[in-house]
Each structure stands twice: as C-alpha cells, then as structure tokens.
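For reference, chains read A, B, C and D in written order, and residue numbers begin at 1 within each chain.
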Amino acid sequence: MMIVIMKAQATMKEKSAVIAWAEDAEYKVHLSEASDHTVIGIVTGGHPANHEQVERMPGVERVVPVLKPYKIASREFKPGNTIFPVGNQTVGDKGLVIMAGPCSVESRSQIIETAHAVKEAGAHILRGGAFKPRTSPYSFQGLGEEGLKYMAEAREETGLPIITEVMEPALVPLVCEYADILQIGARNMQNYALLHAVGKSQHPVLLKRGMSSLIEEWLMCAEYILSHGNTRVMLCERGIRTFETATRNTFDINAIAVAKHLTHLPVIADPSHATGKWEYVAAAAKASVAAGADGLIIEVHPRPTEAMSDGIQSLKPEKFAKLVKEMRAVAQAVGRDIE
Amino acid sequence: MMIVIMKAQATMKEKSAVIAWAEDAEYKVHLSEASDHTVIGIVTGGHPANHEQVERMPGVERVVPVLKPYKIASREFKPGNTIFPVGNQTVGDKGLVIMAGPCSVESRSQIIETAHAVKEAGAHILRGGAFKPRTSPYSFQGLGEEGLKYMAEAREETGLPIITEVMEPALVPLVCEYADILQIGARNMQNYALLHAVGKSQHPVLLKRGMSSLIEEWLMCAEYILSHGNTRVMLCERGIRTFETATRNTFDINAIAVAKHLTHLPVIADPSHATGKWEYVAAAAKASVAAGADGLIIEVHPRPTEAMSDGIQSLKPEKFAKLVKEMRAVAQAVGRDIE
Amino acid sequence: MMIVIMKAQATMKEKSAVIAWAEDAEYKVHLSEASDHTVIGIVTGGHPANHEQVERMPGVERVVPVLKPYKIASREFKPGNTIFPVGNQTVGDKGLVIMAGPCSVESRSQIIETAHAVKEAGAHILRGGAFKPRTSPYSFQGLGEEGLKYMAEAREETGLPIITEVMEPALVPLVCEYADILQIGARNMQNYALLHAVGKSQHPVLLKRGMSSLIEEWLMCAEYILSHGNTRVMLCERGIRTFETATRNTFDINAIAVAKHLTHLPVIADPSHATGKWEYVAAAAKASVAAGADGLIIEVHPRPTEAMSDGIQSLKPEKFAKLVKEMRAVAQAVGRDIE
Amino acid sequence: MMIVIMKAQATMKEKSAVIAWAEDAEYKVHLSEASDHTVIGIVTGGHPANHEQVERMPGVERVVPVLKPYKIASREFKPGNTIFPVGNQTVGDKGLVIMAGPCSVESRSQIIETAHAVKEAGAHILRGGAFKPRTSPYSFQGLGEEGLKYMAEAREETGLPIITEVMEPALVPLVCEYADILQIGARNMQNYALLHAVGKSQHPVLLKRGMSSLIEEWLMCAEYILSHGNTRVMLCERGIRTFETATRNTFDINAIAVAKHLTHLPVIADPSHATGKWEYVAAAAKASVAAGADGLIIEVHPRPTEAMSDGIQSLKPEKFAKLVKEMRAVAQAVGRDIE
C-alpha cells in the first residue's frame, strides 16, 4: 500500500493519470479530497510496487510507502525472538553472549594466549580477524588462511567457538571450513554478492551495521541473508559516523532498542568500535547491557601497545575480566544474565 | 602551545616568516626538520594565540593547537567532581538525581497533579516549561510567567525544587525568582548573551548540548558560564542530529563518559529527547545510568495523548514509577544509588 | 490534513478512537482499509492540528502531515520572487548582490580601507562584525557599538550599505540605528526571541541557516520574522555540519535550488563559511552563482594573516576582485548578471 | 613523521617510554618541552609507523600523523593532472566529459534509444547498469550479462564508449570484456577485494565516493587501485549522507575543489545521485562545472515514469539536451569547454 500526496495545484488530469496508473496495475484506489490537497491511497495487495514511478508523475508531491520494505526480518513476520545455538552457547535467549579477542590474529601464540585469557575472564566465543579490511593498502592485511588455522587451534585448546570476518564471496567456503560464525564488516554491509554468499552458506552470521546506514537499510541487508533460508543472523551495532570526533564513532545506543522492537533477530553491541578508545569501552559495554543487547563483541589484546591494529581500543585481559563482572551485575539488574 | 606543520615544499623564507611571527610575539620556538616535512613548535607560555593567523601564512599546511580551549571546565583545573546541593538534593555525588515532569506547563491542575505523581514515583526535582522554544510560530508557546507561578505552587505542595527553561537574557531575573535551576535548551547552547546572563545570575544551570555541537564546544559554553564564577553547572546530553530517522535524535551515550573524563561537572541524561519516542525511553534511561550519568531528566505527563507538546515522548506516571525502580537496580549494579 | 497509518495489528477499538478524536475536533475523516494496513485521512480544514497527540494513540504506527508547516514563506502563498531594494541595490532580481568585507571590524582604518577595496572590486554591500559570536569566552568579542560607528563612517565614505550581525534582542534597536541589513548568525537561527525582535524591527534581515538545520526548519525561522509583517528577508546558506573535516563545513549547494523552489525569498550564499579555507572560496562562489544564488557574502581582509578572526577563510582584495570578474562571467552564462 | 602530544601530567617515565619505543625502531626523536605540555616529534624516515601503538602508551594524549596516508594519489607525487583517453574522448583535460544514460539497462530497445538520444544531446560516453546494487532483495537486480550485450550493441550503433558498474571481484573479467570504463559504486568504495581486482584489470575506473566517506578515505581507495599500476582512475563525487532529507543526498560540492587540490586524478560529478530529484539536477550540474569538475555523469531516461529504477532523478532527453547547452556556457565562462 502506498499513499500519493498530490500537489495543492495538481490538475484533474494529473490526478486521473495517477489513478489510471494504479488501475492498469490492477491495484485498488482510495481517493481523499480536501480543499488544500488530494491524497490517493493505492492498495497493491502485497505486490511490491515501484513507488518512484508514481513519485515522478506530474502533479505528485510525494509518495509515502505504508509497508515496511523488509518482511522475513520483521516482528510482524515472526513475533517471537530468534534463538539459536552456537557451539555450547545459545544466542538470543535470557543469557548474554560475550565474544572477545584481538582485532587481528597476529601469531599462533598471540591468539592462543588471548583465547585462554578471555575464556578465563568469562567470554563464550573467540573473535579474531584473519582477513582485515584496512583503510590503507600499505597496512597489515591479516594472516589470511594461516590466521584461520591458528584460530581453529585456539578453539581446540579452549573449546570456544570462533567468529571471524569474511570479506569476499569467493572466500566464503574457505572461511566456513574454520569459523563457527561469519562476520560481515561495516564496510561490507551492502556488499550484496557477499550477503548472497553467506546466505547460501547456511552458516551463522553476525551482520555489522554500516557506518552510515539507516536501521531500515541494515534490516534490508539481513533480509538478503534471510531470503536464502539462513535464519541464524545476528545484528551488530558498532557505532555510526557523525560530526563528533572525540570518539571514533558515535554509539547509536537507541539502535539496540529500535532493532529489538522491529525485528526478532538477536542484537549484539560492539563497544570497542563504537567508542574507539579503551577508556570508554566499559561505560559503553555496560550501557549496551542495560539497553537490552543480547550479547557483546569486545576487542581484547594481551599487550595492546604491540597490537598490529586497533590497539587503542583493545582492553587488556585483566580489564576485560573486571568488565565481565560489572556487565553481569548490570545484566542481572535488568533481568538477564551472563553465565 | 601550538604545532605548525609546514608543507613539504615550503621554502626557507616561508619557514622563517613563521618563526619571525612567533618571535615577534615573544613566544619560544622549537624546530624539527625531517626530509619530508618541517614542524615548528611554538610555546606561547599560556597566552591564547590566534592560530588561524599562522595557518594563513604561506607554506603552512596546518596548525595543531596543543592546549584544550577550555580551562575552568577541565579536569586538569579541578580534578575532583563538582558537587552541589539543589533544594534537599545533592547533584554530582553517589546518588543520582531524577528530574521529571511535563514538557510544557499547561494548567495549574496539570502541573500540580504531575508533581505529586512524579514525587511519589521517586523523582527529586520537577521539570516543566513555561517559555517554550517551538519550531513553528503557530504552535503553543507556553504560559509564560503564569506557568512559572503554577510551578512554584507545585513546589510548595510537594517540596520538589523546580527546573525550567529560560530563553532570553532579559527574562533571566524573572525566571530566577521562581526556578531553582535554569535550563539552557539545545537551540540556545551558543546563545552567548544568554550564557553570560545565567553566568552572572549565580543560579544553578543545566546546559543542554546543542544538537550538532561537538563535546568540546559544549564545554566551551559551560566555560562561558563558569567564567562568571558560577560553578553550579550541570551538562545535559539530549541526543544529537544524525542521518538516522528512526528516532528523533541519536543518543550519544559515549558523550556521558567522555564528558565525565574531560570535566568535573555533573552530567545529566535526557532520554526523552534522545529517543523522541516513549517506547524507547526506558532502554535509554537505564543505559544512561549504566554509562555513568549523574542524573536524568525525563518527560512525564498524566495523559500524553492530550499533551500540548512532546506527548509522543512522554511517559505516563505509572510507567515512570516502574522505570525509577529499574534505574535504581542498575544504579546499584554500578555502585551508585537512587534514593 | 494529516494521514494516520495504523499498525497492521491495530484493533477496531483503536481505529475507532482515532476517528472519534478527529470527529470531536470536527475534522472530516476518510478511511482506507487494506488487508495489511488501515489508513485514516483527517481533513482539518486548514486548522493546525497537534499530530503528536494522534501519533501517541494506541495502534497508531505513524502520522504523516500533508501540509507544509510554513505558510507566508511558501511559493504557494506568493508565487513570484520577493524583490526589494537595499540602498541603491536590488535584492532578488536578475542582478546578483555581492556583500563583502572582514569577519570583524578591527579598527576604523581597517574597515574603511576594506570598504574602499571591496567597492572598487565590485561589491555592492559592506559586511563586518561588531558583535561577534565566539566559541571561546577568551577570544576577541568584537568592538561593539564602536565597530558600528566605524562601519557607518565607511558607508559615508563609500556609499555602500552595511550589513552586520545582531546577537540579542535587547541590541536590535541599537544595531538598527546603524545597519542597513541585520544578520542573524547560524548559531542564533532558532533564537526565537531574536527572530521576533528583528521581525518587529521591520529592518531587512539576512537569516543564516543553522549548521544542522533542516531546510524546513530554516524556512520556519523565516516564518517567525515574516509573521510580523517584515517581508524583507533573505535566506543565507553557509554550509552545514557533517562528518567531513577537510573543510570547515559542507556546502549544501542543493539547498540553494531547494530553497528557491519552496520559497519566494532571495537566497544568498556564503562561500567563506561554507568552505572555511580561502583556497576553496572561489570554486564555491562560482558554483553558487551557477546554482542560482541571488547574491553572495564573502569575507575579505586586506591582510588576512593579521585578521583577528577568520583570517584563514578571508580573501585578499586582489583575489576578491578577480573572483568578482569570474562570477560575473558565470552569472552571464546562466542568464543573470553582476552589475 | 608523527607528533606525540603527552598529557600535561605525563611522568618522566612515560615520556622516556615513548622515546625508547621510537629509538628501538631506529626513528629520530625531537623533544619540545613547555611548562604545560611535552611534545615528541618522531621522524620515521618515510616508514609507515603504527601510530595507534604510540597513542595507546601511558601518558600520551594524542598522536598527530604529519604525512598524508596516500602517496601515488597525491599531488606531491605527481604535480600535473592525470589525463587519459577513453574511446575518442580525453578525460582530465580542458574539455569536460559528459556521461549519460539510464540507471538500469532495461531492454535492448531502451538502451539503444537512449544512446542515440544522449549522443545527439552532446554526451560523450554512455552509462547504464547491468548489475544493480539494490537496497531490497525483492527489487529488480539488473539484466546481468544480457544488459552488457545490449550496451555493447548501443556502442556499436552510436560509437559512444560505455561505462557500467561492477559489483564483485569474480565478475571483473566479464565486465571488462564489454565495458570501456568500470564503475565502482558508492556502497562498494571500501570493498577492497573489488578494488584489487579492478586495479589488476588495468581497465579505466570511475570510483564513486562512499556515502559517508571522508575525502581522505576516498583517496586511499584510489590508492588501492593505483598501487597495481592502474593509473586510469577517475574520482566521482555523488553526494554524501547527512541529516538533510529534502534531497536524497547532500552534494558536497567542496569535495570537487578539495580533491583537485590534493590529487592529480580527474574528478567527475554525479548530480543525479547528489540531488535525487530531477528538478534539482540542472542546478547541481551547472554548479559542478563552475566548481571545476572534469566531467559529469547524469541519468537520462526516455520515459522516466516507466523507469525500473531511479526514475525520480532521471532527466528526459530534451531536458538533458538543454542542460548540456547550459553547462557548455558555464564551462566556457570558467575557461573550460564541452565539445
């Protein structure tokens, strides 16, 4: 259904043309005429209509689509929360899921050391990047498959499932061999070929919000994945780009509640990217829990001043352990828990 | 102190001109020459130097000021938190301060009814607007002094101190007669004549962040007030304007931690404006508490569907009472309290 | 007129409540029911209705206002361009108006020297700030009335009308004594007390767009002035705040065409603030002319490296003279002229 | 080279640690001590240093990189403009290049009809999308290879070289078979696998700016392509995402002059996406020419109300023909031309 608002000075001929367009397409038409404006309601019977075509017709001021553009992702489609297991962990339920680890896998020993540390601190899932999207072609680009192997070893040693980013469709099968969860990075949120590939893979996916994406666009990208029957999708709010420069990004904490309201998918918060400075990670993490996040993904590095990327926003293991305790207290205060 | 980065191709003459400018002003100069760039450090001895003048000189690529532009507002100036009483309430201490009430004072009975309701629910301070900044000249502009009188009556009946907005310098004395705290609205954050007037008044002030203001600019506006010796200033984060339209504003939750880090002033959160929709107020309020806010200001209306302004973001008293309990639990989880 | 979109799951009772609300207010109601959504059109007969009240009712998804919130400012209200004289100059007509001068009046000799230089270069109006809005309370705040006197002297010597900023309602009468045009700065766009005061003054006004103001909000502020019967209002696009930091502001060149489309008021461009760097002023100025601006306001200083403010974005007189010639060529290419 | 600004209260030990870090890496160190701050200049001898590591060290307030992160893309690297031929057309020279055509190739006849129309109107290159990035998985996704074939036919008939978007690395060889210029869309600006693939292809590339990308990030993406020795890169400004909703995007006209200043690559403007409404395309197009663009890419459709995508921002051929004449006049006014 869409609503067509005609210009105040629209002629009878212009109104008739809109009505004729709708009737040609076998849509139903409702006409509301007031002294100042005419409004034409067009009932499309669930068919996706090209509202831009109508908007371009003479005499039309604007067109307001009534239906949400996403379907499978919506609460209307599935009122109950989506809950699914990853390893021994359950995502989307009362218990929050904590994912932690370094920005980049830098070496076998670094990832294994970190895996033990975050497990001991209370993390449920190990994060680490093997393929890294870097602003500069001259920066460290990740260890590639070697990094995936080290992560798999870390999983074997600690039992923690692993999450890692995949950046191109051709690499989805390779990354699926190693990872328990595929991560789509913010820069690739609208890389549709990649979304189709991870959709087809039927692997659990964490979909980061693009840094200037509307919440609606984010849900449309989830819809791309869901449309392949892959229902194990988590949304991840990681901060958006605004005019403020005191932090790397502006953490859109509202987006957690809005996404929980509009969709049934679990929502994960990334306080590391959302702040970009380790000093502010704890405040943002606790706020995420209070706002209703279903989990967090947090960068932890044993020696942040030696990190090959994102050292500035990484917590040391001891700070992370303290934070997990604090988050647990907040979780319990809002009727959730961190096991 | 400022750092002058010269262009790669800057000539000796251009460099000398910058040095001469600094020496004329009796500043000290440090020169660092590398093969690719020359950097000139200029030590101004605490004098506020006009760095734009240097930036405009030939051969200069950019100038980086080293010092923060605010002084009295900074943690360096006063490491401990600013704590002060308002009525029987203390702001800036372990206990959080809850301010609540309608957007606008609409009638004597409405504000008195609301005052009783929010007091019973646990609020410490009554909010209400008598002079209203409205986008449209055709909208309700507030009851003016009549509204202030009703608020004073509500204070008498309930004992709650009152906070209300003042919009122009000429009205500061009048509003001071009635209000316990003056509120500077987001649109007036950089209304410097108003900042001077409330500074001189020596009345407690709540300074809302402008909707597209950098945190640094917000602190500079606090500095305007503080420079009059008025130290009872609270900062209020109320959401910023971004591209996202699912909420009225984007709640910059990071700003709470950043402001607490940079300044000693109490930081209050306004989840009503930060979300603009009552459905999301509770999540944002609890997140604020978890992030370290020293208080909250929340819109409450006995019958939101009849409100003359902001009904859409106002809580009913019973929802507000429930929220106070939830916020108290979160406050206790992070080592604070709501009495 | 407004359109109420009900939630898919809205009950009959909820729909009836909206209809009853409208009928109580004696509005007409049009109902459109589709299988997925009900839409209720409410014809208010030109009365300004509080659409927030409806939006807050149970079962309502959102409300779409059909009418523009501004009236006197709209092209519907007055289809032809607003044209008026300032001194010997006509604003809003085929010929473009060039305003130029320093950011701040710094001394008698500086403003008189600059006035002669910009007149010779082709400017029609002299700009200069006597009361300066400054981010820091420790920066130069302008010469005040002394500055206005120097500007008046410069007018006497050159015949150029003068434009200067007024920052607070109480100073409007004083500034009107000296200035031919009152300027409302970006920070004060929504300083409603000031808008009322300049509206009442019946003096020509240049209204700068706030740095994060929607075009619609800008027109609403013009409406505040126009509602006092003061029709001599110019709009000024001076750049908006975005995430980009390579320039001081992002020049919203689209806003010129949009404002010309929606309103009959003259639109002036400020390429100095819109770029913040003198190197980019000429490109932005010529683009403004090509985009349809009715005039420009440009910062010119005889010795930018000695300017007390905005030196970095000020042109030297000889560059400005060259630019006027270039703008004239562009103006003629688009069927306009610069006399 | 980088500049490390230490906190006011940084200890001698903290300063020594930074110096030791630099000396370990065999960098040269310059120390500037003032009473309020210590600044440490670190000369890396052109080596790309990980400034985040330093920023994370105790006592460090912030680190200011002196060098630009891009090299091959910079004017310092290559002072003269990059000029190259595409078909019979030269890009980057005095003459502006006009690319025009529909958003999507919809049928054989549609693209051939449009090709003739835009050629006659004065266009030099034919645009058209065969693989379409669409917000919704349920929208028309383009004709794929079939669309490329129709474009090739249109080239054969008219002699116009063709430009079309490529969305994934695996399709680069296929698209290269047909297209004269590869287009990287805004959503894929930071799709690094794709940038590497088009870099390797050695095909001319038009790189659209991401909708929330800093100019510096845009140039870094050009650097990805250039680093493969593919020097035929055009930058394309197509509007950025801001808070303004009156237009689809905010046209960052400043970016044209800034990019021309920082880099030697040709800069193309896309007034269709930059405005999103056909009514404003002409103003934005003429502004682009006046601001110094080296070319334009404009959406033209013979029957916009029947377009399968972007009809609302497409010009009809006759409006486009008129615009080319107007742009030519502006080009000549600024010392350029459109042949």
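Quick note on the criterion: a contact is a pair of C-beta atoms (placed from the backbone, for glycine too) under 8 Å apart; a residue touches a chain by one contact, two chains touch by 3 or more.
These numbers come from a predicted model, not from an experiment.
Comparing the CA-atom centres of all chains against that of chain A, the greatest distance is found for C.
The interface in B-C, C-D or B-D that matches A-D, meaning over half of the contact pairs are the same by residue number, belongs to B-C.
Among the pairs A-C and A-B, the greater number of C-beta contacts is found at A-B.
For this pair, chain A with chain C, the centres built from the Cα atoms lie 38 Å apart.
Chain A and chain B have Cα centroids separated by 31 Å.
Residues of chain B in contact with at least two other chains: 212, 241-243, 245.
Of all the residues in chain B, the ones that touch chain A in their complex are 212, 214-216, 240, 242-247, 250-258, 261, 274-275, 279-280, 283-284, 286-292, 326, 329-330, 332-334. Residues of chain C touching chain B in their complex: 48, 50, 52-53, 55-57, 69-70, 133-139, 167-170, 187-188, 190-194, 211-212, 217, 220, 223-224, 227, 241, 278, 304-312, 314. By the touch criterion stated above, chain D contacts chain B in their complex at residues 1, 3, 5, 8-9, 28, 30, 32, 34-37, 39, 41, 43, 45-46, 64, 66-67, 76, 212, 241-243, 245.
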